[in-house]
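Next come the structures, one after another.
Paired with chain B in one complex and with chain C in the other, chain A is shared by the two complexes that follow.
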Partner chain A sequence: MPMKGRFPVRRTLQYLSQGDVVFKSSVKVMTVNYNTAGELSEGARKFVFFNIPQIQYRNPWVQIMLFRNMTPSPFLRFYLDSGEQVLVDVEDKTNKEITEHIKKILGKSKEMLEKEERERKKLSHPATFGPKKYHLRECMCEIEGQVPCPAFVPLPKEMRGKYKAAMKNEA
Partner chain B sequence: MSVPRGAVHAKWIVGKVIGTKMQKTAKVRVTRLVLDPYLLKFFNKRKTYFAHDPLQQCVVGDIVLLKALPERRGKHVKHELAEIVFKVGNVIDPITGKPCAGTRFLENLSDSENLTEADTTYLSEKLQELKVCSTDK
Partner chain C sequence: MLPALRRCRPGPVPLPALAAALGPGAFPGLGPGPFPGLCPAWSPRAVPARGRKTRHDPPAKSKAGRVKLPPPVDPEELLVVLERYRQHRLVLSALRAEFRAEVLQRKREERLAAEGSVEELEEHRRLMAWNEEENARQRARREERLRKEEEEQKRRKLEIAEKQARKMEAFLEEKEKEVLQLQEEAKNFITPENLEARIEECLDNPRNYNFAIDKDGRIVKRTVLS
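Right, the complex of A and B next:
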């Protein structure tokens, strides 16, 4: 049974996390003005249809507002924390060009993203075990090379408590 | 940046004015895109904010930019009007600077003052032709 909609791939987590535009922390609001008809606005329309979900997924705290058919020319406008406004004209540009452009002017660079990823990795240690929220494995039985879970594989006689107690009583 | 700005999370907001019945205060509706966890689609979620507008220059339907106040002014007012982005009925296209309505400009963009003699005679001839055609019917 296929997914509903025109391009349902836009509604998959894999597609959403493939967006590589992560805005700098000073960007607070992004406004897109575009038109629903006309050749010049075609790139902007494709940008809104395909790339806005990716951008919003990677930047959940940036407010994105879309305005349709308000002005004859399509443009993007960013409002930064310092009060500065960045106006980007997107007339006659394809949606790929638009994403490349905003990535270059207001996106975090690849090194910064990798650095943040490394910082986040440092906080969690992969060898520990505990609640699923904080660790990869919940019980020691899940780790390779350790004693398997007695729920699936019965323990050898020597490790069981009743055998050990019987041996101790005998001795 | 040095002044700690507000106990408010949203520092800069863009919204649409929905009410101006309060004195010096505008009711602004702000929409954000929120992901539905099952459909994985973004929907607009609305929230209303109250903004301080000392000159009462907002009309219902304006698109405004709000700035968070350093400390709240009254129980509900935590923002003030920073700038009217698009005034209703009077939208200025930021790229050309000309007034526009919908997808067309209100002003004539072509420079009609710089037409030469040849152009004006050519155009008036064309107009004459059109007049003749209409009376022929």
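Right, the complex of A and C next:
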């Protein structure tokens, strides 16, 4: 019941996050023209079936359009925000070759991705605690080495207010 | 004018009694200012809270003559305080807007610097050139393939034509042979003219079609005709 489609692994988060093509911010639209039959379009078909979900997952703001059986040979076309159009001929190429090709010409390089990652990390401090949306931990009791939550481990009686008050009353 | 000014009431204010009753720390800002008409029943410490009864339960008998009055307001002090707050908030919001604008500006500049730098454009152009080369190579490969396919097709067509021609030739030869053979046989045909002669001939030369065969398969054709 949870598995849908021919290759349900394509729907898993692990598979999707394994996609390594992250487009530069100038790429706005990606168009794929391919044919549903024919040996020469086989690579393009595999690319559409296996790699496009990964690309869309890593680039949620890029519009991807697929056109079937409109031209005799398959190709990819990228529309950049400067109005430039980049044509990539993919006839007779395997899907791996296609991904390598577009990663090379329009993908962010590994150093750039790492730099962006570091920048993002700088914004948040991992030692602070607060709402789950902004921090890793919600309460001081979750941090290693701190007093555990009294909901799970009762505090020693010297730290409890009622003991301290009782002591003060006695004295 | 200001809705708070409506709370200003005429009448003497038992200020020392109030101050004594509620303690010295209760009114830090309410020294000489409080307007006459304080109601002692409404102390700053008593905050309305629901407690045990719902809103539909009737109030207690002890509260029968209770008159609730809002806190008193001194108009001059009110105006002064409001004016001060207004200026404070104005300054604060202006500062915040200023900082916000500065941060946005810096972000925008950084983004532009990162995108529009010369090396990036160079890199982009280089990659596009490489893409063009790749496309050209692909074009060459495709043309090669198409050319080969065309040649292949031509060769196949030629072959078929040749085979067809050969078949035609063989057929014609066969037919020629048959015709010749028929011509040969036609010489021995029985026509109405030589019918009589042929009959005579047959009757004169009786042919013996009998033969004997033994269990070993040997055929003997020379038998006695009766």
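Assume the second predicted complex is superposed on the first by the 169 of 171 C-alpha atoms of A that agree within 3 Å, B and C clash if a C-alpha of one lies under 4 Å from a C-alpha of the other, contacts with A are read in each partner's own complex, and residues count from 1 in each chain.
Everything below uses one rule, namely that a contact is a pair of C-beta atoms (placed from the backbone, for glycine too) under 8 Å apart; a residue touches a chain by one contact, two chains touch by 3 or more.
Because the structure is a prediction, the values reported are computed rather than measured.
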- Message: Both complexes share chain A, so when I overlay them there, do chain B and chain C fit or clash?
- Response: fit
- In the superposed arrangement, does A:Arg137 touch chain B (first), chain C (second), both or neither? neither
- Message: By the touch definition at the top of the document, which applies to A:Thr31: first (chain B), second (chain C), both, or neither?
- Response: first
- Query: In the superposed arrangement, does A:Leu16 touch chain B (first), chain C (second), both or neither?
  - Reply: first
- Which chain makes contact with more of the residues of chain A, chain B or else chain C? B
- Task: Mind working out whether A:Leu87 is in touch with chain B, chain C, both or neither, as first, second, both or neither?
- Result: both
- Message: Applying the document's definition of touch, where does A:Met70 land relative to chain B and chain C: first, second, both, or neither?
- Response: first
- Query: What is the contact status of A:Lys46 with respect to chain B (first) and chain C (second): first, second, both, or neither?
  - Reply: neither
- Message: Rounded to whole Å, what minimum CA distance do you find between chain B and chain C in the overlaid structures?
- Response: 5
- Message: Per the definitions at the top, what is the overlap between the chain A residues touching chain B and those touching chain C?
- Response: 73, 87, 89, 91
- In the complex with chain A, residue positions of chain B that touch it: 1, 10-14, 30-33, 35, 39-42, 63, 65, 67, 82, 85-86, 91, 93-96, 100, 102-105
- Report the residues of chain C in contact with chain A in the complex, numbered from low to high. 115, 127-128, 130-131, 134-135, 138-139, 141-142, 145
- Mind listing the chain A positions that touch chain C in their complex? 25-26, 73, 86-89, 91-93, 101, 104-106
- Query: Given the complex with chain B, which residues does chain A contribute to the contact?
  - Reply: 11-13, 16, 28-29, 31, 35, 37-38, 52-53, 56-57, 60, 63-65, 67, 69-73, 75, 77, 79, 81-83, 87, 89, 91
